[in-house]
Each structure stands twice: as structure tokens, then as C-alpha cells.
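Both complexes below contain chain A, partnered by chain B and then by chain C.
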Partner chain A sequence: MERSSRPFGYGNGLRTLSVVTVIAIAVALGLVFFYAPLEAEQGFLQKIFYVHVPLAIIALCGFVLGGLLAIQHLRTRDPRWDMRSYVVIHMSLIFAVGTLITGSIWAKGSWGHWWVWSEPTLVSFLIIFLLYATYQPLRFAIEDPERQARYASVFAITAGAFVPMNFIAVRLSTAYLHPRVLGSTSNLPGPMALTFLVSLVAMALLFATLCKYELTAKHTRSQLRALRRRLSGELADAPTRPRSAVPAIQHAAAAPARAAGRPVL
Partner chain B sequence: MSGVQTPQRPRETAQPVRNAGLWRTVAALLRKELLVELRTLESVPAMSLFALSTFVVFHFALNRNSVEGDLGAGILWVTLLFAAILGINRLFVADADQGGFDAFLLAPVDRSAMLIAKALTLLAYLAVLELIAVPAFALLLLGAPLGPALPGLVTTLVLADLGVAVIGTLVAAMAVRTRARDLLGPLLALPLLVPVVIGGARATSPLLVQAHPAGVGGPAIRWLLTLGLYDLVFGLIAFALFDFLLED
Partner chain C sequence: MLSVILSEVPALPLHTAGKYVAGAYIVLFAIVLIYVAIMAIRLSRIERDLGELLSMSERAGEPPASSAGQHSAEPTAGATGKQDPQPESTLA
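The block that comes next holds the complex of A and B.
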């Protein structure tokens, strides 16, 4: 009966994942502050590299992943893929805000300006952020849940393909100033490279954990709402969903005929 | 006419009419679009007038009588981009409001035809807009001679227009059936069109200078390549995804 509190299994493994993430972040921070050597030119300031670059890489990968999940949604028409795409893009957007803030701090520290236009990676990132900032308004502006999911997937795929294209275009247009991400890791001395890789893994784990938390929370809430509706004797399929940017989920609890159906996630 | 022909060719009735004439469908749709535009004059005059007003605004905002080089290219591209956004915003409005989508979906034709026809329509709008706006720009603001720059400028404009037409059509179809379509269209389109502006502005800015050292070379080939690649990628994306926007 241990499972009875989560009958659909979407919270499974959340605790293990959270513990692993906390450990990974602790190890990464330990390496950053006590193992990785101080960089000769920038000194302590360079430590932000271990937060900023993983954040940026994970955010960009998340945007592309959101596009891939959206392809899966359009192929299968299964709303669960739309939900995953939504959560991944939502989380990537938060990581992107973190990237822009840490990047600004780093730029202020090392170049003396909060914002540097001559710097392609920063500029591309801002453009991508501005594009994805319209994802939620787009969803919110479409009421029909099925069409909302479809349009959001079309947007996610277009924007996912835009991410690499935009980087190419902006990089061509400006002088090289930013440390090249891939180039710089291969140039890093051993301890720094190790610290960077551990930080990257920790950040990826954090991303996965947060996504899973959000998915679980969304499912739980909508299931709770469905159960409440049933308790109060309303029609299960009555369109009581408020206007929302969040994907709609069809719950087993909402339709008793399908109660024995597959797990939701 | 078909009533006469069907008994003679009974086998063809089993064949689906879909895909029978993609280009015929495109031609019919394009003809309808251009006819509607010619009769209502809704988009192109507004776009052209907007571009002219924007040049005047730039003259006063910058307090310059003539511009060239980077600044000139920037003004030209910003103006063309914003004028294009006006056209993008109007592109599907009639179809959404007056049942054009429903009629099109009822017809047994390939849905990509609508993408191609609308993109060609937008391309035609942009061509007319540029026929008016570029000479006006040269007359009002440009401090350099337009003549020697013209071949490079036209090449760049054609490549950039293809990108604007494809992305604009996709974005317009996405935005038109939302509650806030006038807001969402530009919000979605601007970031997606930034690379087009980068390519266009960088390619044209060396053309718009007063003294050309040893005649005008063409626009830098890498910018044309970037624009071409961008057109190609988004053309394929739009072709793959457009059907999903028309399903209901």
C-alpha cells in the first residue's frame, strides 16, 4: 500500500533524484571552491564560470529538447509529450534568466560593463530568451487546449531550430571576445576541466529534478481538481478549466470509465 | 464541365484529388490573394506609407539630413522590417474572420498550397514595398549614390525577403487565431527575423558609402550565404509544420 498515495506513479524516484542532485551540487561547489585553482588573470571572479557556463549549456539544450519533445507530441498527439515539452521549456527559461544574470555579473567584473554588444554569445542568448519569452503568452492566448498544445508544439520546434541558426548568424556578425565554450574546455587545465564537468553534471541533474518536480506538481494539482469535481458531483468532463497557459491533462480520476487506464506519466 | 467528363473517365474518380495539382492550387490561391489586395488595397499602401513616415521620423529623430554606411543600412532595414510586420499582421486576418480557412479546409487540396501561396503573396507585397521604399530612401535620406549599390542591394533584398516571407507566413498563421493576435505576431516575428536583419544590414552597409574604393564589390558572400541558409532551413521548417496550424 506504499504506492497508494501516488497511484499513477508520476512521482516515482523523485526522492532518489533529489538526493543525488543535492549531493552532486555539494560536490561541484566543493570542487569549485576548494579544488579548482584560482585563475591567473581573473582570480576569484572566474569561479562564476562554473555556474554561468553550465547554466547556459543546460538552458540551450533544454530549449532544443523542448523542440524534440514537441516533435514527439505532433507525431503521437499524446498530450503528455506536450506537458513535458512545456515543463522543459519553462525550466529552460528560468535557467536562461539565471544565465543572463550571471553573465552580466561576470561581464561587469571582467570587462567593466553590465552588457557588451560586441559579444556574440551574450547577444544570441538574449535574442533566444526574447523569443522563448513569447511561449507562455502564445499558449495563454489560445483557449482550446488541443489547439493550444498543437500551436505550442509548432512554436517549440521552430524555436528549437532557431537556437543553433541564431548562434551562427550572431557569431558571424561580431568579433570574438567571449571564451569559446567548447574551445575553452579543451584548453582548460585538468583540475579546472574536471570541476567544470562535475558542475555541468550537477546542473543537468538540477534541471532534471526541477522538471520532474514541476511535472509531478502539475499532475497532482490537476488530479486533485478532478477528484474535487467528482466529489462535488459535477460532471467530470464539464469544461471547468480556467483559461491557462498550462497544458491540459486528461486524468483517469476525472473519467471513471477510464479509471483502470494507463498511468498518466 | 466535370459532369460531362466523369462518365468518360470513371477510373479517375477513385483517385484522390489531393496532390493532383499543388501548383494549380497555389496559382488559384495566389490569384485570389492578389485580387483581394488589388480590390481592397488593405496592406501594401499602408506598408509603403508607413515606410515613408518612418524615414521622416528617422530624419527628425537622428537630426541628420543624410545617412550612409552602417547607419543608412540600419535605417533601411529597420524600416523595411517594421513595414513587413504590418503586412504579416494582416496576412491571414481575412481568412480567419471571414471563413477563408474553413473554405480552404473543405477543399480537397494539399494544405501546403496555402503556405506557398501566402508566402508568395507576402513576397509580392514586400517587392512592391521595396520598389517604393528603396527609391524614397535614396531620395530622402541616403547620402551615397544608389546606382552602383543596386545589384548587390537587390540580391540581398531578394534573399532577405524570402526569409521574411516564409517566417512571416508561419508566424502570422500561428498568431492569427489567438486572442491577442496583433500583439503576438510582432512579438513572435521580431526575434525570429533578427538574423535576417543581421545578414541584410551587414551585407548592405558597405554598399551604401560615398566613395567606393575601386568600384563596388558585391555584398560579402558570407552574409548572402547566411541569408540563403536561413531561408532554406526555415522554408523546410515551415513546410513541415504549417499543416499542423490548419487542422481545425
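The block that comes next holds the complex of A and C.
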């Protein structure tokens, strides 16, 4: 079979993306530890900044992206958009866990406490995290796949709109312990700014790679399930799917999608 | 080469906040490692499922297209779960 006639899959370009991600992370780590100067106040502890802040930015952007993909799902009723929204939110939640843990470590080193409840930036991020932590149980609670996808999309859009509102509200607040990174108060010197930008790009690439891995795995699983049904002589649209928080694939629509050379998620 | 690089780079002041910085970066490493482990479990499950499907198709008397060697120039195309329209049309 010629490569050009092979249908498109989520695995395409995954190897290249993975290699680029590994290189970017290696370069970022090199810059963090051997290029960026030590910060005058916090010293070596400030190195956490290069992992904590990119994690937080990518997680928040991922939540917003999940909402945008959910809008596409509601507009087109195409289950592939629901799957993408689900995967992006799922990955953002993992990045948010990383943000909370690295932030707590930084807080302990800098302020002497793992958590400061009076700090609006920390509490607002925790609220967003807890909000999105209900996304999977919400999906799991709804058995009908179509209704599940619709409700999950509405949730993703509403919560996605809440993220920038929350960000602005925190910026308007006055009581700060947490350092500002983006805005007029940030005056990172050149080497620090370059290191931060490379770290941010590396983290974005890691996010994209993990999302692509996840989509490829789910796509492959759905293809296997469809093939198993064909082999065992079941109907293509038979309701054999157990209850799951993972978006359902419309197998009846899979054949034309495959014929058109598009992935079916 | 490595010794030249190491002699040029500045020494890291690990004695002050080293444990906190190490902890933060270990968290990131652990997240990626856990994800890779989960993917490895999934991959082994997919491999097992593929084996089952292969034996099912053999029992049904229809050898899979990739093992029949009809049209695949790439030996791994049928074994990696990539889309292949031939088995679907013959197994339906």
C-alpha cells in the first residue's frame, strides 16, 4: 500500500513531535540550570519558576481550549470534537496537579508554608482545579453517550469561560504574596525571559505530544472494538458499550469517515 | 568533551534550596513517567486484544490480509493497529 493512499490517523507525525518535545525539554533544562542567572532575592529556589509557571499557563490554556473544542462539538455534533475536548481537559487536569504540587513546594521553600489560604492566586487556581475535577464524574454519571457528550460540552464551555474571568478577578485583587509573572510588574532580565519562553514552548510541546498519544490510543482502541464486533458478528451500532466517562464513538458514522480518510474519533 | 563543558558551566548552589528545586523537577519527571507507564499498560492490552482478534479471524477461516501478504509492503502495518481497509471489507 502506498503511503499517500493510507488513511489519516492520529499517530501521524507523533514520532517527530515526540523527538522535538524531548529536544525542547532538554534545551529548556540546560538553559534553566546553566544559562539563566540566579535571582537576587530567591536565589536557586527561583528555578522552580521555570517549571511551575509554564505548567500553570498550559493547564489554564488547555481548559480554555477544551471549551473552544466543545463549542465546535455543539456546532457540528461531530463526536471527534467531544473526544478532543475530553482529552485536552483530561491532560490539563494532570498539568494542574503538577502546578499545585510544584507551587506548594515553592511556597514551602519561599514562605515556609505548603499552602497560604489568604493568597488569591493559589485559592483561585485550586477552585478551577476542583471545578474541572468534577468533569469526569459528570460524564460518568450520564449513561446515554449523546447526552453525555452534550452536557459535557456545555460544562466545558461554561468552565472554560470561567477561567479567564477568574484570572482577571485575581489580577484585580490587591493582596499579593504570589509573584506576578505576566504584566507590568514583571521585569525579567533577558536570559531569564529567554529561558522562561523556551520552558513554556517545551511544556506546550509536551502537552501537545501527550494529547496526541492519548488520542491515538483511544482511536486505536475504538478501531479494535469495531473490528471485534465485526468478527463476532454483532451489529455495528449495537449498544454493547459499558458505562464510561470516555466519549463514545459513533460507529455507524465510522465507515464513511474512514472512507473519506478521516479519523473517526 | 563532557569534562570541558562541565568545567565551563557554573556550579549549582544545591546546598541552599536544592531539595525544593529537585522536588519540583522530580514531580514533573514523575508525571511523565507515570503517563508512560499507563501508556505501556494500554499498549500491552492492545497487543493482547489484537492477538485475540487474530485468533478469532483464524478460527473463522479468514486469514488476516497482512498475514496473507496480499498488499502490504510494510511488515508491521497489520500488527500495529493502523487502519487497513482490506480486513474490514473482507470480514464484514
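The rule is simple: the second predicted complex is superposed on the first by the 233 of 265 C-alpha atoms of A that agree within 3 Å, B and C clash if a C-alpha of one lies under 4 Å from a C-alpha of the other, contacts with A are read in each partner's own complex, and residues count from 1 in each chain.
Operating definition for what follows: contacts are C-beta pairs under 8 Å (C-beta built on N, C-alpha and C of every residue); 3 or more make two chains touch, one makes a residue touch a chain.
Fair warning: this is a prediction, and the values are worked out from it, not measured in the lab.
> For A:T76, using the defined touch cut-off, is the partner it touches chain B, chain C, both, or neither? Pick first, second, both or neither.
A:T76 sits against neither chain B nor chain C.
> Determine, for the superposed model, which of the two partners chain B and chain C contacts more residues of chain A.
The partner making contact with more of chain A's residues is C.
> Touching A:L210, do we find chain B (first), chain C (second), both, or neither?
The second partner, chain C, only.
> Touching A:G98, do we find chain B (first), chain C (second), both, or neither?
second
> Kindly classify A:L138 by the partners it touches after superposition: chain B alone (first), chain C alone (second), both, or neither?
A:L138 sits against chain B, while chain C stays out of touch.
> First (chain B), second (chain C), both or neither: which does A:H52 touch?
second
> First (chain B), second (chain C), both or neither: which does A:S244 touch?
A:S244 contacts neither chain B nor chain C.
> Would you tell me the residues on chain A in contact with chain B in one complex that are also in contact with chain C in the other?
Touching chain B in the first complex and chain C in the second, no residue of chain A appears in both lists.
> Report the residues of chain B in contact with chain A in the complex, numbered from low to high.
Counting only chain B, the residues touching chain A are 170, 174-175, 177-181, 183-184, 187-188, 190-192, 194-195, 198-199, 202, 222-223, 226, 229-230, 233-234, 237, 241, 244-245, 247-248.
> Per the contact definition, I'd like the list of chain A residues that touch chain B in the complex.
Touching chain B: residues 74, 127-128, 130-131, 134, 137-138, 141-144, 146-147, 150-151, 153-155, 157-159, 161-162, 165-166, 168-170, 172-173 of chain A.
> Chain A touches which residues of chain C in the complex?
On the chain C side, the touching residues are 9-10, 12-14, 16-18, 20-21, 23-25, 27-28, 31-32, 35, 39, 42-43, 46, 49-50, 52-53, 56-57, 60, 71-74, 77, 81-85, 87-88, 91-92.
> State the interface residues of chain A toward chain C in the complex, per the touch definition above.
1, 6-7, 9, 11, 29, 33-34, 38, 42-45, 47-48, 51-52, 55, 94, 97-98, 101-102, 105-106, 108-109, 206, 210, 213, 217, 220-221, 223-224, 227-228, 230-232, 258
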